[in-house]
Structures are given as structure tokens and as C-alpha cells.
Amino acid sequence: MLAVENLSVEFRTRSGVVKALEAVGFTIQPGETVGIVGESGSGKSVMAFTLLGVLDRAGQVTAGRALFQTDSVAVDLLKEPESSLRQLRGKELSMIFQNPRTALNPIRRVGRQIADVLRCHTDLPEADLRSKALDMLASVRIPDPDKRFDAYPYELSGGLCQRIMIALALACSPHLLIADEPTTGLDVTTQATVMNLIKDLAEQRQMATILITHDLALAAEYCDRIVVMHAGHVVESAPTRSLFTHPRHPYTAKLIAATPEPHKSFAELIPIGGNLPDLKAADLPPCRFSYRCDYFEPSVCNQTPLSREFLSPQHQVACWKPL
Amino acid sequence: MRRRSLIKTSVGLAAGITLANGLKACSSAESPSTDAASDSSSDGSSGAKPTDARLTMVQGGGFPNSLDLHRVGTNRPAYGISWVMYDRLMTFGQKELPDGTLSYDYTQLEPELAESWEMAEDGMSVTFKLRQDATFHDGAPVTAQDVKWSYDRAVSIGGFPTFQMKAGALENPDQFEVVDDHTFRVKFLRPDKLTMIDMAVPIPVIINSELVKPHLTDADPWGAEWLNVNDAGGGAYQLGEFKPNERITLTRFEDWKSGPLPQIQEVIVLNVPEAGNRRALLEKGDIDVNYDLTEKDQKEIAAMGEFTMASTPIENCLYSIDMHTNAQLKGAENPFADVKVRQAVAYAMPYDAIMQTALYDQAVPMYGEGTFDPDSTTWPQPTPYKTDMEQAKKLIAESAYPNGFETSLAFDLGNQEWAEPTVVLIQESLAELGIKVGIEKVPNANFRSVLVEKSRPMIVNNFGGWLNYPDYFFFYAYHGQDATFNGSSYQNPEMDKMIEAALASKPGEPEYAENVEGFIEMAWEEMPRVPLVQPKLSVAMQNNVSGYQYWFHRQLDFRQLEKA
Amino acid sequence: MLNSQPPLLQVKNLTKTFPVGKDAHLHAVDQVSFTLQSGESVGLVGESGCGKSTLVRLITRLLDVTAGEIHFDDAILSTIAVRQFPQNPYRAGIQLVFQDPTDSLNPRFTAYDTITEPIKRLSSVQGRQQLQARAAELADLVGLPQDLLSRFPHQLSGGQKARVGIARAIALNPKLLVLDEPTSALDVSVQAVILHLLADLKKRLGMSYLFVSHDLNVVRLLCDRVLVMYLGKIVESGPVEQIFNHPRHPYTEALISAIPSFTAQPHPIPLTGEPRSPINPNPSVCRLYGRCPKGEDLCHQVMPELTELSSNHQAACHFPVSSDLAV
Amino acid sequence: MARYSTGKIVGRRILGAIPSVIGVVIVTFLLTRSLPGDPAAFFAGPAATAEAIEEIRQNLGLDKSLPEQFLIYIGELFRGDLGVSLTTGQTVLYDLLTRLPASLELTLAALVFAIALALPLGILAATRPNSWIDHGVRLLATAGVSLPTFFTGLFLIYVLYYLWGIVPAPLGRLDILNSPPPQITGFYLIDSLLIGDLGLFWAAAAQLFLPAVTLGLFALAPLARVTRASMLGMLSSDFIRTARASGLPPRQVLFGYAFRNAMLPVVTTLGVVFSFLLGANILVEKVFAWPGIGSYAVEALVASDYAPIQGFILTMALLYVVLNLLIDLLYVVIDPRAGVES
Amino acid sequence: MTTTLKHTRYIISQNGITFGAFSLFFGFVLIAVLGNAIAPYDPLASNSAIALQPPTALHWFGTDQLGRDVLSRVIVATRLDLGIAVLAVAMSFVIGSILGTCAGYFGGWTDRIVSRCIDTLMAFPLFVLAMGLVAALGNSIENIIYATAIINLPLYTRVIRSEVLVRREAGFVEAARLTGNGDWRIMARHLFPNVLPVMMVHLSLNMGWAILNAAGLSFIGLGVQPPTAEWGIMVAEGATYIVSGEWWLALFPGAVLMLAVFCFNLLGDGLRDLIDPRMRT
């Protein structure tokens, strides 16, 4: 359904060019839930923004394709002109953002914000917009939708805002939903509710979902497949179970080891040394994990650019010395 | 024009033209001509026919702030409006100045609302016959009761009007008597050469008393509040619109009988505070008259040759530098108490530079020509002082302050255009004598306080008297009574004696000339004030405007103007 | 763990309310009591807005108390006004590690300035040389490279900032270190490092920890005992393993069930509905009433008190959960 | 959290402004009394004697002690009596009522001009940050605020009126030929339309043009600056990203979403600019012979004419209160959060 | 020191406009310092023979009505005008900072009293207040500075108050209290320095306004006393000569004044960047 190939994005800043994404590729099938996991700064959100074409002004796509295909459309998201891309956004593919409070227009009633999206993608008469929006509110299990329709974001709790956000994103029944850290800032209990809601709706609507998160455990619970990113590279991509049982990339393994988990003892919690490399640096090593990697061997890892190795058709890893 | 009354005869006889002669003749006149009215109307008919012309005039730096010139706080420009909106009993004649400009003639009193008047045998009263056909703007006939009420008001209301009336020994309502509806008598308290003249100055206007009376209150027994914004006059123009600080519109009163009907039908007076804009408006032809010209504009507009300019030296007026003469000032020793210092300052004045750069030669120099032994009662007359730094240095060396001192020079912000360059030049010049002068720029309103307080060592003064007598000028500027305009606070019993003697005598009498020459001589020797120039009153008009006449009250008389 | 010596910190019926308009008070912390022994690590868990941060600020004497007492060592701190406390000798004894390392560092102070600030103010160590030595020592202790000491906060990474914050907090060898969600703003990779650092420091410096977090999973790693807070009240307290494996309060149970894990499929116990308002709460209604899957009549008639259910394990619930949680 | 009704907001605001207004009254009173000029000496006329001045002093009540004068003043104030201007000879109330519309009309026209120019420029600059358009806007707006208004005014008169003759003479609100419309609102533009006199409308508009531009140029910079900064902030905010990601048309994103939010700081600045312009009016009114309250105040100040100065400042203070009220209400209209106390 | 220099150079080189503003500013400072030394003529010496001459090779900016060299007067006025700007702004900044910081930090009654006073001041049309003050105190340079300082006071107080208010609860302030800082030390060492970068923009904008304000006062006759050379009064007095064709009297001082205000306006952003450690990379 979506195939991202060789995507590279750069940011031009005052202090240099940041190579935020380099040769990133992955695919997603209809109905599938794919998790994209990595530390902050690994390029997860940049990728989501790139796919939706809402990248900051400073960001520039330097290479790659993103083929998006549904029953009705087949386009390269990176090549489409802004005007036709706009028709797709919110309708064919949409996105949930990190902080629901700031991601909603603070001075517009939430129901109207949903209606705005409906108005621009459907030809519903003005009179029906409200009822359709109310339907959406009900479908994300917002109690008392009639009252909430006229609420402003500041009047709602974080969990409710996130549900509004979801209703907004799903208003036009998109085929692909990108959820960018949808539960950051929410309490654990609310997080579970929101995640289950997304999962249920995705199942109901046969919608493909990309879940972007830094929380490996969260991804593990909700995703079919997981793509691990590190410093703008995709380092590993595998079905969830396979990834956790047999992590191939040293980074994946370390990430798993560093994540607190109900049954993990303190001794089992192993930190990852070092920091993400400076993506502005002119002399980025071919493998951007090499500084932090225990298995780094200059002769092997430093010679050629990064390539991909296939362990199984589903399980891909970008490493010269996979585990 | 046929010469009319005995006034003229005696004037013609007098060697020096003085009003006192006229008065003397007047007081001895048995029968002023009774055909004065027909005379004046025949005078009028010689002028242009009334048209529906509209005249626009701009004014700045003060805009008529009241229609009632008796009110406290009424400003000078308001006198111009009152002058044409109200009639007085008498007015002055007209003469042509050497440069061709018309001017009022203070030697001639002519009928206005009164068609004739008669001096009593004993010279202690005068009886006026009012015009039978004169009406106020509302159509009511003018009666002697109105005149009495108006005169009563002028002497009772207080402030400047009362003061000015007093100057002509008109002090008490009892002096004014209604003989019949059209006969009005003024009784004199004492013989005074100014009494008759004083009834022709702007103050004693004749007000429609019946119109005002409903508006009188205990707090306001003279209806100042109502008259402030309403027209109760019978003058040549009636009020169209009065927007304080913005515009005044006057329209011709077609039934005016006290003189020839003016040619201009409507007059609009506009307030334009910026001098540059006033000039631009004139140059662009958007207005007819610019009545508020800086000296620079006077010079340059005249040089353009595209406009009619009239510049008349203002009678009895001087720009001067006054030095405080008391020994002590604000508890400190005052260097200007030393006459040598004052003389040195007078010699150090950069007269020509001031004349050129501050006044653009638009004034009459009052320096360098005279002698220390004046032989004329002409006033103002030039001083014998001229710029002579050697002499100044010599004098300062002889003074108690051979090394100079520090002092300050204050001027009125209202006179900024010429006063500021003047003081800067003086400052520069006095520095050569070792006198360090700080400059103090005082806002218009505050300058009056400065004058009253006499708290500054040196000020720029601009004083002129309505009544054109040197003794009148000296009484306010040099007399020991220390009036506001005695900016030097000069007090000298000898001087006072001469001034008082001159006031008591009449022009033409030998003791008058003797005293006037005496006090002028003393002024030159003592030099409490350094006369700089006699300023000029200037008006710039479009070429199609004519008939301008100079008046001692320095306001424009629309009645005489014509526009082609 | 338990001993009979007097506790390092004892909090009795601590209450803090904030006025919100006419006659309305927000009960941020409501009648909270607990103790903390010397050398003990206590975790404080609860969702955002439950009053954790307020409690922390009361204990660290950044907020004046409304009612109740705070005993520290042998002194009563609750009576000392916040404004006077910086000059108090006990100031050095209680220190705080902040939640947001960026917000808590003065943007105009270098790491060195930040770390030496408490030393300059509150200790006898003075003089450039001594200060530099101490700063270097502290940097070593928290694993901050010496050359970063001259940097400003914006020139440091999140983990480095967290280390600076910790170094500042331990500079005076406090007896009690309060950690207010010290890792919530950090990446997993850094979180693990900081958790290890904290464990290490505790061992080496013998401090007591009050560890505040919304994440039971993290608290479990570092603490001996846990307090669970809900809307200003402590609803459950007990040894960490006990609570984690046998929660008695429905809220704790829901909290634990919601923790995501690599292996287990999720089956969180949902807390439906919106939380009750903390403004002028009804003192006789259980705070969880309305969201609790068990809510019964008694729950809105009598406020459940914290009662001992097993040794050292207390819960405030009329109908405590009995089944073991199969995690 | 509680939302307050508009009426309550108005009430609270007015109550809150009372101390300020009292402060203004006191400060104004003290300030006017410490002016160095002596009104009695000024109004007694040039040739007055000491007695005459003293008489006038008594008439004006200036011989009384300061507290006494203040009490009298306050008493008159409560009776709605603002006194009489000695310079114009009218009651201060009359003067203010006839002149305030002139000033307001000028200020509002200037504001409209500034807004009409500044907002599009600010938005333009914000949508292209660091481009030459952005720099150009910044330079242009800064240039407008860098020159004294009176200089700009005189310069424009010189060029546009004197040299080119494309604007009417700087003669106040109307040229010589027209007379003002009957006073309904006091705004000539509105009154002329109300009586259906289009010619008069154009005449008034033509007179208004240059002074409004002169004054407006001064307001351009702060407005454009704030609009740009605020828009820039909004355009990079999360909810704009949401809107874009939802496929909303750019127009709606820019104006419906970003601009409405960006309006809040702009409205605040608008208030500041407005009261700032009311002050700057003084100079422009003087240059253009505009019969507003600014020039009125200057005349009064120069004459140490207490009543008009006091009346003027009081009017301005009340205007300021009303202005703030309007801004608060505008805030409530724009931002639902504004009427809420947390 | 070297890093500061490097930083300055970096900030300046980053932005052409900032670079221009800084160069201009240093130019003005240089002229202000040298003053009389570089003026080709005595700025106060009159010469009626050459009054009102348009610009010539001898007098680049022409001469005024007293024949004084306009260029020399413009040059000499620099020191005075910068002085007025700097002193006025410095005074209101210092007082405003203290008031604003206290009001923002302590809140409660302190805040209420300070805010009330500031509101009262704000309710005056500012230019009128300046006029009134100068008229009441007398028009000397000091009084112009005082008046300018007073009318700018509300701005500083309010801005600083609100900036302090948002930072009052910031982590680093709590941290400062934890590390033994009393209220005054927190305000002086922790809060205030962090507000400074924001203030720099206002500071430099206000310097420009201060000069404009002095010019406006001059125009209505409340400016400095003659024959002092000051841009504002030169423009104000020269403005009346525009219509009669002596444009140079107002134009040159006006252009320099504009340049100075312009420079201050543009300087603000650069100064903020300079003083903000976050801009150091």
C-alpha cells in the first residue's frame, strides 16, 4: 500500500546541513500496523512529516520515492504537486500528532475542526456536517458528543483531546493512518485506552497504521511489524515477535535491553552507551551506529556504504555484522 | 474728501502732528459738523460697489478665542473680529503713509455710530447724537440705552477693558447718561487728552443690550458667557460660524449704516498654526490673505513680486533687550545694576547681524543714528548706540565686572522666529566681553509670568502702546511704578518726574517737548533697555485684494478690503 | 528494611489547597501521611495531576503547607516559611532532582556555575580552587565529562543535562534526595543510564530517595516501597514487589495492567469516565468513584481510609482487590 | 474554571479601572498646578496691574490652597463640570465634544490605514521568512517609525500639496468651500454619508487622507512587526501542521486558522498603538491644522490653561479605559480562553 | 573574552542587516566621541554673511539661518542625542527592572500596587505626559531625559513583570531556592539575567523613540535651549523652512535622526542574539 524507497531528507540550518534521513525504506500493507521505533532525533517524525508533505520549510527531500496505492489512487507522495497532495491528506492518509492539546486549533470548537476537514474532502451539505462530525465523536467513544462538539480544546482533558484528534484524522476514513507518538504525555491508563481505540478503529476500517513511538514495549503490544530507526537510518525491520526474539541489529538488541519491562530486573536493564551522532557532521560514518556499537570493526563496517541483508523476507537488517 | 471739522483745521495748523492738538481743538469746538454722516456715506460711495466676493484669511499663533472682547482672557486676534462685528461711537480717519499704504489717522476722529458729537461749554462732557437709522443685526434699533449699557459694562467688567477705559479717565457708570433714545452723554471726571481717543479704540463697543439681558445671571451680570459665542452687534459684519481655534465666518450686514457698506460679502478666517503651511496656502492661491507672516516670509514673498504686500512700522512699538536694573536679583548681586555694564551691552549688540539674519531687514533699525541729546519727540527714535566692541570692552573694563560674569537671557517662545536667532547672536557677541549668557526659552504663557515677576536678569521684550505717545510708552516701560512692561524694573525718580510731567502736558506745549526729550536722553544714558528695532506689521494678499489699511490695534479691518 | 529507629522523614496529615476563585479550593494534597526511613527508597506513583508534584514541593519546602506536619530528622520543617528556608541549616539536607532537565537549569549558567551554586551558598567549601576541585569530583560522580563543565545548558544533550541536575542535587550530600520524575523527559537509552547512575549514587552516598514517577515500571527498579496517589490521596502503600504483583486497590491494579510489555498481549483494565474534580471534593466520596469498575453505594457514602491489609501493605478501598494479577 | 459573561467582564474591567482614573485625576491636577506659568498673569492681559492680576486670581479660584482647589475641582467633576477653557473661551465639555470626534476620526483612519497595510505585509513577511520580501517589509516599516511625524507631515505637504498639488490644502477637516455636516456622530465621513452628501464625503476624505497617512506610517512598524512574529509563531505551531495534514486548503489554513490565532498579540498591540497614536496626534494635528483635542491640549498647555488640560487628560484616560475594555471584549470574541479564570 | 568576540563576530556575520546596524551604531558612537574634533566648523559660530546657503563644497549640509554650518551641528549633536537616548532608556530600564521584577516575583500586594501605578501612568497619553512634565519642570536637557524615562517606565515594568511572571515558577528558579538563594538573589542573579535578552529589543527600540520624543517636544517648543545643537530641534526648526525651499535645514538632521532611529530599531534583534547564551553554539 505504501512503499517508501531510498528516502533522504536534509535540513538546512544556520549551522549546517542536517542529514535527517538517509536512504530510508519500508513498506506497509493494507490493514497492517507497523511500528517505527527509535530514540528522539532518529528521524521518525521527519519521515512522517515528509510523507504527508508538511515538513518545515528548512527540510528538503533530496532523494527517494514514496509510492502510495489504494483502490482509488496510485501516486508518488514525494512527486505530487501540493494541490493534489492536499486532496489526499486527511482523506486517503492522515495523521495523529504527538501533543493533542497543541495540535488542535485552540480557538475553534473541536466539532467545527472536524467539520472543517469533512467540508474540504466530502461534498456533504453544510447541514449534514454537524451530524457527521457528531458520529465521529461518538465513534471515538467520546461521552456526550453533542456537548463536546461545542467545546474548545482547553476545556477537555488530554485523553479527550487525543480522541478528538483521532476523530479528526479518521473523519474521512483514510486508508493509512500515521500516529506520531499518540500517547506521549498521557497517563498510562489513558494511554492504554487510546491505543486500544486506535487499534479497534483500524481493525474496523481495514486501515493501515503507522505507529511512531520511542516506546518499544508499546510498539510490541500493538504492532504487527516494527521498523527500528537510528540516526536517520532504518537499521532493522521485522515482524514483532521475530524482532524481540531474534534482534539482529546490535542497536535493536541494546534498545530492548535498555527498556524497562515488568519482569526485567534492575541488573537486566542495560544502558546504551554514547549519544546519537551529530547529523550535521561532514564526516558521518557510513554506519551511523558505529560509535556506539560494541561490534564495530573498522575494516568491516567502515569500508562500504551501508547495505541491507535479508535474513528472512520479512526480517531485514542493515548491519555488516548482524547478531 | 472734504476736510470736515475743526479738528482738521487745528491739525493743519500744528507743526508737529499730534493728537493732542486735535483734541484741544475738539474740546473747543462749538459745533461739530452735523452733516458728518452724509459725508462719510459719500466717502463710502467713492469706494467699490458691494459684491458677493468671499475673502479667506489665515491666521496662526493665536486665533480669535471669543466674540466678546470684554471677557477675561480674550486674546488680541479676537479684537479684529469684534472690530467689524460691533460699532463704536467714533472711529479714526484715514491717511496715506509715505510708502503708499493706507493707515488710520489718529489725528482725526470720525463718526461711526454717532453721527455727531458736541463738547460741553465747560469741556467736562461730550454729547453724542446717534444715527437714527442704525440697527443691530437682529433689526432692533440702536438706542442710547444700549450705548450706556455697553459703556457701563466696559468700565465695570474688570480686567483689560476697564483698565483701558481708565486710561481715558472713563471709570464710572455715573459718567454715562442717556439723554434721549438717540442722545448719549459722557461726563468727564477730569480733563484728559486721551478721553476722546479712548472712545474710538476697540474697547467701547456698542452691544445690543436687550438681546443680552435675558442671559444675565447673578454670577455673570454682564452676560460674558453668552456674548462669548453669540453676536449682539450692529457692525458691518455679522457672525456666520464660530468654531474656536478652527474657523470664523463673517457675512456682511446689509443694513449697516455706520459707514460705507463693505465690498466683501463673506469673510472666512482660518487657523493654520504652521507658518510654512500658511505661506504655502498663499502661494498656491488657496487663500486670499496671510495675516501672520514671519520676517523671513515677508522678505521672500515680497521678493516674489506675485503678491500684494503691505508692511507698516508698528507705531509706538519696540523690540528691545531689557536688563534688570535692581542692585539685587534673587538675592544675588546683579551686574546689570551697573550702568557701565548696560552701556557696554548696548555697544556690544550685533545690531546689523540681528537686523539681517533674525529680522531679514523687515524692521526699522533703532540704533546708531540718534544722539545723546535728542531734539525730537518722535517715538520711537534710534539710539546713538551702534556695534562698537572697542567701546564696549572699554566700558566693561571700567565697570565693576572687568572680567565679565554669567547671566541669562530669556525670550518668549511665541516670538521664536526672530527672538531665537537674536538671542543666539547676542550670546555670541557678549561672550567677547566675557559675559556668558545662558539662553532661556519660555513658553508663551509663562513669559507673561516672567514679565510680571521680573525675575530674569535679561529678557527680550516686545512692547508697543495703542496710544501713540512717547510718554504713554515710557509710563509703561520706564516709569518707577514698575509696570509689567518695564522689563528692566527701572526706577529713577528723575525719570518718573519727567514722564509724569509729559503726561500732564500736551503735545505742542514746550514743557511737553522738554520732558519727552529729557526722558529719552535719560533712557539713552541709563540704557536699562536696549532698543533694537521698530517692528513692522505685514500682510500678504493676492493681487486682486486691495484696500488694506493699517490699524494701531494691529488687526485686519475687513470693511475696507476689496477683492476683484 | 524496617527498623525501629526514628524515620528520616515523617509526613503527617499533610494538606495543600489552592484557592481557585470564590469559595473554591483545589485540594492538591489531601491529608497525606507517610514515613521514610533513613537509607530507604520510596516510590511515589500516580497519574499527572494527582498531586505528586505538589507533595514534592511541600516536602522540599518550595511551597508553604496548608495543614499537617513535616518532620525531618529531629526538626519540624512545616512551620518554617518557604521564604526563610533557604537560610535554614536543613536546606542542604533535602534536595530535589527536577523532572525537566532543560527547565531546571538556568540558561545563563554554565554547568560549572550550576553545580557550584549550592556549594557557594550553603557549604563551607569556598575559594576558586576548592570549588573547582569539588565540581570536578561531582562531575566524575555523575559521569559528566570535565570538559562539559564550561558549557551552557543548550549546548548539552538531555542526558548530560540530567547529570548536571543530579550533580547539583547531590553537591551538598543531602540526606534525602527527592527525584521528581527524573527520567520522564529522557529517551529509553538515557533513562537506563540515569537509573543506573541513581542506584549507584545511592549506594555510594547513602542517601534516602523519594522517587516520584507516573511509571510503576521504573519505580519498581529503584525502590523498596511504593506509595500510590490518586487525586491528592494516597490510595495504596506497600513494598514494591507486593504492590506490583498483588495490588489491592483497583486504581493500582488498573495502573499496573496498563503497563505495556514486549511479550504479553495487552488486557488493561479500563478506567472509564473522567476523573472527579479536585476542587472542593466531597469528603465522603471515594475519589475513584465513577471510574472504578467496582463503585458501590458505600463508595459514595464513606471515604475509604488507608487500612493495613497485610504487613506493611495498606490500601484505601472498601472492596480491595484480592486476586493476584496475572502479568 | 469558570467562564464569565460579557457583562461581568465589562463590570470587572470598569471597576478595575477606577483606581487608575483616580490616579490620573490626582496626577493631572498636581501636574497642571506645577506648570510654571501664572494663568492669572496670562489672562489679566498685557497691561494688567498687580491688583488686576490678583482679582483674576480670585476669580479663577487660584488664591485658594491646593487641597481646597482640588476639592472644588473634584466637586465640579462630579457635577460633570469640566470648567471653562480660557484659551478658546468655551466650556471644556463643549470643546472636547466637538473636538474629540475629529481626533478619533483621524486616529481611526490612521489605524485603518496602518492595519490595511501592516497586516498583509506582516503576513507576507511571515510566509516568506528571511526572504528579501521579509527584509524589505522590515526596512519599510522601520523607516516609517524612524522619522518624526511632524517632519513626515510637513514633507508630505511640501511634496504632495505644494509641489505636485495632488492633495487638498492642509486646512483641517474640510476645505474652504464646504461647511461641515450637521453633527450626528461627529465623524464627517459618517455624517456626510448619513445626510447623503457624497461630495462632502469625498471632500472630507480628501482632507483626511494626508494626515491619516502621516500618522499611520508611524503605526505601521509595530503592527507589521507583531503580525509577522505572531504569524511566524502560528505557522510553525502544531495545530497548523494538523490543519495542513488534514488537507485543509491553504487559504483556510493561513487565514482561518493561523491568522485568527495570530490576531491575539496583534489586538494587544493595536491597543498600545491606538493610545500611542492619540499622543502622536498632537503633532500631526498641529501640522495639518486639524481641530482635534491634541492641538487643543497643546494650546492649553502653552497657556497654562488648567481646565482644558485636565479635561483632556481625563478624557484620554477614560478613552484608554474604554479602549482596554474593547480590547478585552475583542479578546473574548477571538479567544474563548480569554474570559476564563483558571 | 575571545569567545565573546568570536560570538559577536558570528552573530554579526550571520545577518546582513544586523551587521549594517552594528556598523552604523559604532559609526554614531565614534562621531559622538570625537564630536567637536571632527566638526569642520564651530557649530555655534554664526556668520550672517553666509546665512541659509544651500549645500556647497565648503558646507556640505549647507548653513542655517545664522550662517552656522549644519554639518558641524549635526556632528556635534550626535553626542547629545545619543546621551539623551542612552540616559533616558537606562533610567527607565533600571527603575522598570526593579519594579517589574519585584511585582512579577512577589505578586500579591507588591504586584497590585506597582501595577496600579503603572496603569495610571499608562492611562496618560504618553506624549502628553512628557509634554506636561517638561512644561512643568522646565525645558532643560535633564528634564527631557526624566520625562522620556518616566513615559517609558510602564513599558519596561510591564514587560519585565510578565517575563518574570512566566519564569517565576520555572524549574531553575525552584532549583535556585533549593540551593540556598534568597528572594533577592534569585531575582538578581537568576530571573533578571534571563529576561535581559527579551529586553534588549525593547531597549534599542526605545532609544530610537527617545530621540523622536525629544524631537517632538522640540517641535512644540519644549526642546533643548538654543543654541544647543540637537537633531530634533534642528529638524523641528528646519521643518518650517521646507516650504520656502531651504530643505537642507530639516533634511540633513532629519536623515541622520532617521538613520539613528533606524539603526537602533534594527540593532535590537542583533543585541538580543548577542546577549542570549542560547545563540552560542
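For reference, chains read A, B, C, D and E in written order, and residue numbers begin at 1 within each chain.
In this section, contacts are C-beta pairs under 8 Å (C-beta built on N, C-alpha and C of every residue); 3 or more make two chains touch, one makes a residue touch a chain.
The structure displayed is predicted, hence computed values, not measured ones.
Measuring centre to centre, with centres taken as mean CA positions, what chain is farthest from subunit A?
Of all chains, B has its centre farthest from that of subunit A.
So which one's got more C-beta contacts, A-D or A-C?
Output for the comparison: A-C.
In whole angstrom, how far does the Cα centroid of subunit C sit from the Cα centroid of subunit D?
The answer is 54 Å.
Would you kindly tell me how far, in whole Å, the mean C-alpha position of subunit E lies from that of subunit D?
23
If you average the Cα atoms of subunit A and of subunit E to get two centres, how far apart are those centres in Å?
Comparing mean C-alpha positions, subunit E is 51 Å from subunit A.
Could you tell me the distance, in whole angstrom, between the mean C-alpha positions of subunit B and subunit D?
Centres of subunit B and subunit D (C-alpha means) sit 41 Å apart.
At least two partner chains per residue is the criterion; list those residues in subunit D.
In subunit D, 35-36, 154, 157-158, 162, 286, 301-302 touch at least two other chains.
Considering the complex alone, what residue numbers of subunit E touch subunit C?
These residues of subunit E touch subunit C: 170-172, 174-183, 190, 193-194, 277-278, 280-281.
Which stretch or stretches of subunit A touch subunit D in the complex?
49, 52-54, 56-57, 86-91, 94-95, 97-99, 102-108, 116-117, 120-121, 152, 154-155, 165, 168-169
Residue numbers of subunit B touching subunit E in their complex, please.
Contact set of subunit B toward subunit E: 274-277, 279-280, 283, 294, 296-297, 300, 352-353, 356-358, 413, 416, 420-421, 423-425, 427-428, 438-441, 443.
For a test of understanding, state which residues of subunit C touch subunit A in their complex under the given definition.
Going by the criterion above, the answer is residues 47-48, 157, 159, 187-193, 195-196, 199, 214-218, 220-222, 244, 254-255, 257-266, 268, 270-271, 273-275, 327.
Within their complex, state which residues of subunit D touch subunit A.
1, 129, 236-239, 241-250, 252, 256-257, 260-261, 334-337, 340
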